[in-house]
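Two complexes are shown next, each including chain A; its partner changes from chain B in the first to chain C in the second.
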Partner chain A sequence: MLSYFFRRLMAGIPTLLISFTLVFFIAHATPGSPWDTSSNRPLEAAVKARLDAKYHLDDPLYVQYIDYLAGALQGDFGPSFRDRTKSVTDIVAQFLPVSMKLGSAAMLLAVVLGLPLGALAALSRHRVIDGVVRLISTLGISMPSYVVTSILIVAFGVGLGWVPTFGWKGVFSASSLVPIFSLALAPLAAIIRCFRTSMLEVMNLDFIRTARAKGLRPATVIIHHMGRNALIPAITVIGAYTSYVLVGSFFVESIAGIPGFGRYFVLAVAARDYPVIIGTTLIYALFVIVINLIVDLSYFLLDPRVRAEHGR
Partner chain B sequence: MRLSHALLASAIALLAVGEAKPVIAETPSAFRMIVGEPRYMDPNLASDFSIYVNAQLFQPLARIKSDGQLEMLQAKNIELGSDGRTWTITLNPNYKWSDGTPVTAADWEYSWKRILDPKVASDVAAFLSDVENADQYNKGTITDASQVGIKATGEYTFQVMTAKVAPQFRAKLALPYLTPVPKAVVEQFGDAWVAPEHMVTNGPYKLVSRVNDQSIVMEANPHYGGKKPAIPRIEMTIASGDLCTAQLRAYEADEVDFVTCLPSQDIDRLQKDPELSKQLDPFPLAATEWVQYDMTNPTWQDKRVRHALGLAIDRNAIVVAVSNGTARPAASIVPDSIPGGSSGDAIKGSVDDARKLLADAGYPDGNGFPQFTITTTANRGRPLIAQLLQQMWSENLGIQASINVLEENAYRAWVQSRKTEKYDTAIQGWWSDYADPANWYGDLVLSDFRQNHFSNAEFAALVEKGNSEPDPAKRIEFFRAANKILEEEQPMSAIQNPTDLWMVKPHVRGLKHEGVLNMYHIEEATLE
Partner chain C sequence: MSAADADYRSANGIAARIRDVGPWIAQNPGLVGGVLFLTFVILLAILAPLLPHDAYRQNVLHRNELPSLEHWLGTDELGRDLLARIAVGARVSLVVAVASTIIAVAIGVMIGTIAAYLGGLVDSTIMRFVDSMYAFPETLFAILMAALVKGQLSGDGHGLLAPLVEAYRLSGGLLGVLLTLGLTGWLTTSRLVRAHVLSLKHAEYVLSCKLSGATHWFIIRTHLLPNTIPIILVAVTFVVPNAILLEAGLSFIGIGVDPPTPSWGTMIATGAQSIQSYPHLLICPALAIGLTLLSLTVIGDTLRDMFDPALAGTRRA
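For the complex of A and B:
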């Protein structure tokens, strides 16, 4: 099992290198300059040249590529161009935790609500409850997060005044309610759908009938026998959404005024802040790799067949 | 189900780790607003909208009043010597840094030379370009800062020598871009001097805390030399993206006291609301947006073509569509509020006249006119302006344009590359940096910042004369004559003069619009 994970971890390295190469060249190929800000006047050519020289943007692109790669391997992702007093590492340390806290809360909400609702829908198939749950899940999947966030802010912030319309005062404050719910909606809907389907598949299998025939309590059958087996496909969905939600959503964070990673990333793209664009993309790629690995790890714990295949 | 327990526990642990305490305390005596993240807190570097935040912390020598006279702030006296080049500035010793130390002439000399320092690479340097040897030092052709015409001559006096007679420098002396930084603190802490624990300021407020992309808190500077601010504390929340929408929502939910811009789709509703309409506070800006023609491109070299396109624009329709009628239709480039500008010089004529001009130029009913492109940035409602122009020119003149919309930063790069590359037309704008004709006829047109490539010897000579004429009345005459040429030649066709729309809560009194940049000075306001 260990060697399997070691191999998987090693396979992540070329993935990271390819992501880095792609984002490096795409970022530099995008027209625009990190120095020409939104002031009325165009930047003096001499000033631009000096800034380019200071940050080595006047070097040939392949030299910059190698330099950046060499720095990145030593954990130095360079300075941010948008805020020159900070390094990319500072920025990740400041903004990623905010997104991760919100994202964790949102995923927690999605899992805690999604699994029971999915099971409920499966158990009451084709009845009213099933219809209602499926309606919720269809709405959740089809409504983009920026629409949900805007509607929630207008309704509960401007209209009712229950939550602030804007800003961030920590994850345990009213300011995080709207973003958490907006972030949770899409994974919630996906979890409901996926878990409902897999529960439906599992519930007609022989071993469930056996469990029932043995006279086990219905709750035990549902949770331990059906739930555990139906969870395997749901874990894949949860994993995919976790890496997506934890690094933050630009729309939700911008609209709700959350100083998070997703918002910063898109601001960096607009500002042509190359080191931040590259650094944050690598973090994102790393997240996807690690979470996929965790998902695989969970198969080991949940599914004896996978254990049997890779175990020795 | 051990896995799910473990996931749950780790998620809860993750949430609890290092949970930040709320930064902003609820204080009823604080002035609350939403701003964009300032790119620079260092006033020697800020040349974008950061200056609106900075203006609460750092103060220039003076402020320019609507009659063109200076109102002294940090300076007690500003005097121009008989040579027309030597400006002697006497500081008011009552003004102190927020740590109690005096603001000295040495601080001013240090700061302005710091702006020009090539290693600092500040955008603000352009505002000091009139100063003797400033450009050379900034471009690195001379390395000795003592040759720059800025010199402290006493503890509280310093002299600025311009390279030639430059009457427009009076307006620049009052610019919010040209403020001092504390020499001792900057030298001690380097770039980190702007951190809240180090920063000292000379303005009405001092920085108490700043969390990037989250919040800025200021409190009254106890050592401020001017009138003590009535509002002791300012709490700014940082927004990005759609700043206007975020501000309006927070305003309607009573979370902020002040809004600096409004989403255009809400203007109609706000104007019709009996309560909110009273809180609207419009300010006509000395700014213009226009469509310009590439004057080096043969298609646009026939003046009749430019006149025809200019006359075929229905400016009222554009203003209504883009800003619900709050911007003002503009027939000429330089606003009337800038000396020299005169809308009376605008070309006159009907759509029929426009058609006739185009026919005279060899394109009856637009026949044979090449298909061309209108290039524009994606923000500020400009794509809508492009669509309206496309429609008006097609319907009125029978000529066909396509539209090329570029993301803001890409558009800037596109404009810069037009220095050598041809294009057709582009939508552009200019916002007054300072209330002086040199900022329009000189900086905008002659310096060709917008790559319009308008060259006219007579116009250039008039502007040069105006720039070096010390007598104000004679000076304006030169610019008046230049304005007539600019409009008659029509290298750009004016479209609208934008208007800033503020909203101010009724319990805030005395918050005024200041200067061509429409600054706000919270120290002047009171909360009731």
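For the complex of A and C:
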């Protein structure tokens, strides 16, 4: 098992390198320079040249690439161009935790609601409950987060006045309810769909009939026999959404006024803040790799067949 | 021959079929609703110029008005008719969706077929690249690409780029968005097509074709591509709603379609700013895109169930 994980971990390295290279060249191929300001007093050419020299932007592109890669390997992404008093690491430390708190709450909500609802829909197939749950999941899959956030804010914030509609006062405050729910809806819908399908597949298998024939309590059969087997595909879906939700959504964060990582990324693209763009992207990629590893680990715990195949 | 078959072939056949429509609609209410709404949006987009108001005419005396008989959905922050703007926004969405889907699916089919058919090093290189692209979210990559494409096309443009730059300017930024989405949206298609071609590659008819001396291109053209069409249609059901979603998202951020061309995304972004005082400016475009995507999802689900039972109930590959 250890060697299997070591191999998977190593396979992540080329992925990171490709992401780094791709983003580096896309960012640098985008016309304009970080010193272009929108104010009507542009910087003088001499000043720009000095800034370019200070940040090594006048070096040939391949030299910049190698220098930057060497720095990144040591965890140093350099200073942000937009806010030169801060390093990329500072910015990540400041904005990522906000998005991660919000995202964890959303993911927790999605899993806690999604698995029971998916199971419920599968067990009551073709009845009203199934229809209602499937309607919720179709809505959740097709509605973009900005539409959900907007409608919820209008309904519960402006219309009913139940929750504050803007700002960030920590994950346990009332103002986080709408953003958490908006972020949770897409993964919730996907988990319901996936778990419903896999429960339906499992429930007619022989070992379920055996378990029932042994006289086990229905709850035991559903949770321990069906649920555990149906969980494996659902874990993949949960993993895929986790990295996506944890790093934050630009749309939800900007509508709800949350100072998170997702919003910062778009501001960085607009400002051509190369170090921040590249640093941000690598963190996304790293999240995906780590979470994929955790998903693989959970296969080991859940599925004896996987354990047998890869040895202990 | 059963009685029902006889009934269909009798003079009453057509009447019997019409009688069957009722229960069929009752069984698929979502599908019927989806098709009806999508037809409505397409008609709205085509007939946009015939609406009583112009989407670009500003009227400072009638700003932020609530829906009325004169302006059915009210007016926006510059006094422009909201219905007319939503109709033109529908044009933008549909044009971007269709054009970028054609580009994305063409690239995806090409790459997927090449990877599967050639196999070996080519296949593993291409698929490793595709896997890495999957490591960052599509939205993020689309934002980066949009900034790149927009930057390249909104400059002066000389040499090879000149006609593209001109077309970009004329289309109000539309060209940039559809190129971006076309260049980023092919990943899922390429994976689906590759998996399918891999399963076809060793079929006996392909083998016998090779033995009789057919060229690679002949085999791809006459056997592999036609057999992949159901998979391509499945891919389209993923790509089209995604393109509409991303176009609105990019316009929302401000790197999509250029103002004053209306896009549902831009309208949602400006609507969100006056959410407290004029919620209809936000709700109308949000419902337009929300219901369009809902219709496409329902239609897509049905088509997938029809073409490929193995994919039933899944959304992302």
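Just so we're on the same page, the second predicted complex is superposed on the first by the 311 of 312 C-alpha atoms of A that agree within 3 Å, B and C clash if a C-alpha of one lies under 4 Å from a C-alpha of the other, contacts with A are read in each partner's own complex, and residues count from 1 in each chain.
Please note the rule applied: a residue touches a chain if its C-beta (ideal position, glycine included) is under 8 Å from a C-beta of that chain, and two chains touch if they have at least 3 such contacts.
Everything quoted here is computed from the prediction, not taken from an experiment.
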Just from the overlay, do chain B and chain C fit on chain A, or is there a clash?
clash
On the A-aligned overlay, A:47 touches which partner chain: chain B = first, chain C = second, or both, or neither?
first
Applying the touch criterion given at the start, work out whether A:244 contacts chain B, chain C, both or neither, answering first, second, both or neither.
second
Scan A:70 for contacts with chain B and chain C and give back first, second, both or neither.
neither
Which partner does A:255 reach: the first (chain B), the second (chain C), both, or neither?
both
Return first, second, both or neither, reflecting whether A:61 touches chain B, chain C, both chains, or no partner chain.
neither
What is the contact status of A:270 with respect to chain B (first) and chain C (second): first, second, both, or neither?
both
Which partner does A:85 contact after superposing on A: first (chain B), second (chain C), both, neither?
first
Is chain A touched at more residues by chain B or by chain C?
B
Determine, under the contact definition given at the top, whether A:153 touches first (chain B), second (chain C), both, or neither.
both
Running into chain B, out of the candidates 77-85, 95-103, 113-121 or 203-211 in chain C, is stretch 77-85
Chain A positions within both the chain B interface and the chain C interface are 30-32, 153-154, 158, 165, 255, 270
Residues of chain A touching chain C in their complex?
14-16, 18-19, 22-23, 26-27, 29-32, 138-139, 141-144, 146-147, 150-151, 153-154, 158-159, 165, 190, 193-194, 196-197, 240, 243-244, 250-251, 255, 265-266, 269-270, 277, 281, 284-285, 288-289
Applying the document's contact rule, which stretches of chain C touch chain A when the two form their complex?
30, 128-129, 131-137, 139-140, 143-145, 147-148, 151-152, 155, 241, 245, 248-249, 252-255, 268, 271-272, 275-276, 279, 282-283, 286-287, 289-290, 293-294, 296-298, 301, 312-316
Chain B-facing residues of chain A, complex
30-33, 36-44, 46-47, 50-51, 54, 82-86, 94-95, 97, 100-101, 104-105, 107-108, 111, 153-154, 157-158, 161, 164-173, 223-224, 227-228, 231, 254-255, 257, 259, 263-264, 267, 270-272, 298, 301-302
Hey, which residues of chain B end up touching chain A in the complex?
1-4, 7-8, 11-12, 14-15, 17-24, 34, 37, 39, 47-49, 118-119, 121-123, 125-126, 138-140, 191-192, 194, 211-215, 237-242, 246, 249-250, 252-255, 406-410, 412-416, 430-431, 433, 443, 449
